[in-house]
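Next up: the structures, one after another.
Consider the two complexes below, in which subunit A is the common component and subunit B and subunit C are the respective partners.
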Partner chain A sequence: MLFSQLITKLIQDTTEKSLPLFGVELCLCVTIVLMLLVRLFSADRVLPACITAVVGAAAALTCSWLQYRELFAQSAPVSTELFTGLLIHDNFTVYFRAFLSLFLLLTVALTSLTGIPDEEDGPDFYSLLFGATLGMMLMASSNSLLMLFIAVEMASVPSYAMVGFLKGQKSASEGALKYVVYGAGAAGVMLYGISLVAGTLGTADMSLLSERLAAVAADGSGGLGDPELRTFALGLLMILAGLAFKLSLVPFHFWCPDAFEGASAEVAGFLSIASKAGAFALLVRLCISMAGAEGAETLLTAFGVGLGVISIITMTLGNLAAYGQDNLKRLLAYSTIAHAGYMVMAVSAMVVMLSDTAAGDVSRSVASAMEGLLYYLFVYLFMNLGAFAVIALVRNHTYGETIGDVRGLISQAPVLCVVMLVCFFSLVGLPPFGGFVGKFFIFAAVFNAGSSHSFMYVLLAFGCLNTVFSLFYYIRVLKTMFLETRDEDARPVPVQFASWESAFVLTLAGFVILLGVAPYVMSTTANSAAQALVMLQ
Partner chain B sequence: MIAGLQAYLLVGAVLFVCGVICMATKRNGIGVLMGVELVLNGANVNFIAFSKYTALGLDAQIFALFVIVLAAAEAAVALAIALNFYNNHLTIDVDKANRLKG
Partner chain C sequence: MNPFLLLSLLIFLPLIGALLLLIFDEKNTEAMRFWSLGVTLVTFIMSVVLWGQYDPAQGMLLADVADWVPSWNVYYRLGVDGISLPLVVLTGLVSSLAMAASWSITKHVRGYLILFLMLEAGMMGVFLSLDFFLFYVFWEVMLLPMYFLIGVWGGPRREYAAIKFFLYTLAGSVLMLIAMLMFYFVSGGTEDSFNLVALAQRASEGTLMSPSMQITAFILLFIGFAIKLPAFPVHTWLPDAHVEAPTPISMILAGVLLKMGGYGIIRIAFPLCPYGAQYCAWAMVAIGVFSIIYGAFAALAQTDFKRLVAYSSVSHMGYVLLGLAIWKINETTGETLNSDYWQMGLNGAMFQMIAHGVSSTGMFFMVGVIYDRVHHRDLNKFGGLMGLMPLYSGMAAGLFFAGLGLPGLCGFIGEVFVVISTWSFSPPLAILAASGVILTAGYILWALQRVYLGAEYRGPHAEDITPSNGRENAVAAILMVLAVVLGVYPAVLFDVMEPSIRAMAEASAEGCQNAIFQLDQLQASIQR
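Coming up: the complex of A and B.
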């Protein structure tokens, strides 16, 4: 083929096929450029950055809603490769795009209510926020190991800067330094792992991974005695280390409490939800792309059980460490770690079921495990953001974020207390809140996977035990809020019932309850996103 | 003598291990970031070697180019954060970053 023909074909592919399906990401890009341009022409007095940000996030949400309507209306799952196979566009991608743009809109709304970036810093802050979200969307849609790395870096680098955004504060700069040092190290190790995996398999395309892995396994002895397979396993372990850092799994969780305590509550909420969602999407894509490689089943089963072990350690450590915390953001950071552990349970169950050769057709049960993960993430968005929003609103009045600052809050801001109650009970997993349904889905999937590998029953037992453990530290905060009397010298928190702040947090709490009493609202969507990924494999 | 794939991978592995040791032992924040650069470049050596000897081909070279750019972007942000830390604490020793713990 002539060079000019190649270029013409590439341009045609990009403009006619890829760019129209890339609308959500383009909305974010345009918003970033607009915000910086507005500042350049000093029009930011007329048009504050938060307005541009709200409009941009709403545009992205509308765009992803349209994509959602178009894709989920079709009976069979669709998948299109974009940009010469670097990205993939399917129901799973669209689910995460919609999830992330909804979350972006809510975060922007929260920051404009609490005013954490002042007018001077607004454009910078929102550019970083939009840039990080863009990276997370690419994480959810990446179909190549190159995109995997670029997307992870694109999500991480703005996050480092956002943690250190409160410039004068010692704790903010310390949190940011720890985050960037750990993060850069994890990214380096992950890149080395990617080089090993891509080198041994001879491809960076994730849709070819299982095929090439089977070829490599067929060449050698198939077990870990085969040097090529051993190199692959080492590389996979290193990639997992990089993803585990983003998910704050033990032993890569050290940054999480420090970064959350240093960052403002809004940023901590963003990191705990969005970056986790992106990393889970990537982890699931990676696991699915390796599944079904003949001859490597023992390796993959070991990988799944290994994920289960990490999950047990992560949730136990997160829940135990949360007990002694006095700072609410730190407490929620450990709770975030524990929740990452619960969610990894689903991925572990999925991998174990996929690599079980005796089971026959497992696509239905794998899809239901993934449905559990997607549902849990969706509920987690509302319940965790609600908790962080309450902390941010209290901080604006008391200038503190410790348990002492919310003592006896019921007498001054009953709305915030009730929202905190809903969010915390949902985080524990009590019915009738959304967290219960999400946890139920995941536990059921792990129980299903028990027939493939008996370790899954151990995992399930630890999951249940941890749910009981976690009850106590959440209750401790709620008891302080509801049953104790407010200190005489404590600063008042005058949040009225009829105010934007109350409306915002009540909406979040409303969704948490809705997802608990009417699971079918989301579970069908989550299921068809999950089906798309499993069926097309 | 023409060096084979293994020789290049060995260089990459040595760079990687040096980088990891540097990250783990250096107490100076800038030193830790230098360790990260070593790790990234160890991976880059791997990519270029794989590009010559395996089916990965040009993909690997594109990979290496992107890594160079991303490393620069990451270093810029990391140095800015290190400077901010220095302004607040008057030191760049990562052991002195001990206010947040528990």
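Coming up: the complex of A and C.
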């Protein structure tokens, strides 16, 4: 093939196939450039950054909605490789694109309600926010180990800056520094892991992983004694360390409480939800791409059980550590850790079922495990953002974020209290709130995986036990809000029923309830996204 | 009326009523109270209409089924039979009476009423749903209002009591969740996998679960329900919750919430894992008898009037567990022995649930009436109320006698049925259970003596003791009349309950026999 032909083909591939399907990401890019340009020409008095950001996020949401409509209407799932196979465009990608754009829109709305950042810093802050989201979208669609690394970094670097955004606050700088140091370490380890995996398998293309893995396993003895497989396992473990950092799984969770405490509540909410969603998308893709490698089943089962062990440790530690916290953001940081543990349960169940050779067709069970994860993430968006929004709104009036600041709040801001109640009970996992349905789906998947490996029953037992543990600290906050009387000298929190703030948090709470009483709104979508990924494999 | 509409209205009418409370002016507490009373009364009337529509011979009255979560085969499936119908009517009645007793609540009235009506919706839902998932959702939905009703409007140690109640129930329901998943996957995740009627049918044919799995599932379910019942040793939440809750909520707790434990055992645990239930029969009987004796002794030791009534609930609910569990089989053939006695025990247990619903609701109300006046509950600082409040004291004595199990009042029938049928299971245990009646008489008579008899009142706030008002008299009189009617003519209930209970018992016996047959075959194949 001639060089010029190659170039022509590349241009054709990029402009005709890839770019149209890359529209959502392009929306974000354009918005970033626009915001910076507006400030360059001093037009930000006329057009504040938050307006541009809202419009940009809304455009991204519309775009992903159109992609969703187009893709989910088709009878058989399709996947298209973009940019010569670096990215992949399928139902799963689109689900996460829509998820992240919706979340971006909600976060921008929240920040413009709470006034963080101020007008001066607006363009900086929103560029970072949009940049991080862009990285997370790439995480959800990456199809190559190289892209995996770039996407994770793309999402991480703006996040570091956002954590330290409250300039002049010691805790913010401390949190950001911890986050950076940890992040850099994790990225290094992950990159090393990628090189090991790519080196053993001879490819960085994730769609070829299972095929190559099978070839490597067939070469050697097949068991874990095989040096090549052992190298691969080591590489996999290192990649997992990088992802575990993003997911704040134990023992890579240390940054999380400090970063959350230092960051503003809005940023903490963003980090706890969006970066988790991106990392889960990536983890699922990685696991699915290795599935079905003949000869490596023992390795993969061990990987699945290992994920289960991490999940047990993560949720137990998160829930126990949350109990002693006085700072609400710190408390929610530990709750975030615990919830990452719950969600890893689903991935663990999925991997164990995929690597079970004795079982027949597992695609339905695997899809329902993934459906549980996707549904949980979707509910988690609303319930966690709701909780952080309430903290942010209270902080705007009391300048504090401790449990003491919400003591007896029911007498002054009943709307905020009711929203907090809905979000917290949903986080515990009680019906009729959405968190229950998500938890039920995940528990059911884990129980179902018990027939593949009996360790799953242990995992389930710990999941249930943790649900009971977690009640303690959530209800401690609610008890302070509802049952105690407000201090005489506490600053008032005058949030009226008829105000934008109330409307915003009530919308979030409304979605939490809607997802609990009418799960089919989302469960069918989540199911078809999951099924598409499983069937395409 | 169309059963689907009627059953759905029973659940959702209180919820709609709660939502409409939001449009009232917050200052106008009187109007809100009357509105809520109206809502509970209409719900009660509808439950009576349902009683009128129900024909005991037809078995289960099923409503149309609606989709809820199709991908998980969860349906909105309601229905009622002779086991749940009396409990539905009891819920309607106790809710109305408790609402009438709620005039003493003066703090955050609107919040109280909204939570109260939500609680009623949850309770109705538990008794009416025939889909396991739906049942579980309603079971949990009640937790939230109950936590706040105890935690905000309760007594001095309300926060501790509320969290304890919440935690115990949540722990139990998590176990129930695991059992639910077991049933779902064992039955293949088909559209009948949460259908309690279909699951019971399959269990009775012996095609649902293996015998060893049945034991696991039954134990999980039983712990969950025993917490609610409550049976020793998981009863410790009850004295705290009952004592700290405000009077109307204590009435609901004792009158309805405890019955959910018994109902769950008879509706879910027994029919779905008959072999497991039979396997655990001895343990359950032992727990039941121990609860009777333990509760009675604990009640004897109390000086707090309300705590005494709370422990009497532990003792009385022990009879329910005992009546359910006296199921004896021939170990080799798997045939149920003395099937008539077991059914009598089941009938007695069901009757005891309703009777306890009437008598304990009344006892808690009576304690509340005097507490509203003198603001203390110390048994040693009462006395002489008979002279000061004659009508109140008379009715209180009547309701306490109903709790005691005096012949002619409702408590007698249930206890006697259970004790007689226990004799066929194990005469020594029957004697022990019967001796519980003596202890019951002991603590109730002693309490009556200390509170109502005597020359004069010896406690604080003597000047506030006024005769009971019309509202209080009406509530007490309704309960008193019911106690007498049920005691004199128990067939009102038995006619409705008996066919359903017989069907349940026969299906369970068959299921157990099938399971034992399977076990025999398994053993034979191993030996070969």
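Here is the rule we use: the second predicted complex is superposed on the first by the 537 of 537 C-alpha atoms of A that agree within 3 Å, B and C clash if a C-alpha of one lies under 4 Å from a C-alpha of the other, contacts with A are read in each partner's own complex, and residues count from 1 in each chain.
Throughout what follows, contacts are C-beta pairs under 8 Å (C-beta built on N, C-alpha and C of every residue); 3 or more make two chains touch, one makes a residue touch a chain.
The structure displayed is predicted, hence computed values, not measured ones.
Contact with neither subunit B nor subunit C is seen for A:20 once the two complexes are overlaid on the shared chain. Of the two partner chains placed by superposition, only subunit C is touched by A:432; subunit B is not.
Within the superposed three-chain arrangement, the count of touched residues of subunit A is higher for B, of the candidates subunit B and subunit C. In the superposed model, A:173 lies in contact with subunit B only, and not with subunit C.
Within the superposed three-chain model, A:448 lies in touch with subunit C and out of touch with subunit B [touch as defined at top]. Once the two complexes are overlaid on the shared chain, A:527 sits against subunit C while remaining clear of subunit B.
With both structures placed on the common chain, the touch criterion links A:227 to neither subunit B nor subunit C. In the superposition on chain A, A:467 makes contact with subunit C only, while subunit B stays out of contact range.
Comparing the two interfaces of subunit A, the one with subunit B and the one with subunit C have no residue in common.
Note for the complex: subunit A touches subunit B at residues 146, 149-150, 153, 156-157, 160-161, 164, 167-171, 173-178, 180-181, 184-185, 187-189, 191-192, 194-196, 198-199, 202-204, 257-258, 261-262, 324-325, 330.
Against subunit A, in their complex, subunit C makes its touches with residues 67-72, 136-137, 140-141, 143-144, 147-148, 151-152, 158-159, 163, 166-167, 170-171, 174-175, 177-178, 181-182, 184-185.
Chain contact summary for the complex, subunit B toward subunit A: residues 12, 16, 19-20, 23, 29, 32-33, 35-36, 39-40, 42-44, 46-47, 49-50, 54-56, 59-60, 62-63, 66-67, 70, 73-74, 77-78, 80-82, 84-85, 87-89, 94, 97, 99-102.
Those residues of subunit A that touch subunit C in the shared complex are 368, 371, 425, 430-432, 436-437, 440-441, 443-444, 447-448, 451, 460-461, 464-465, 467-468, 471-472, 475, 479, 482-483, 519-520, 523-524, 527.
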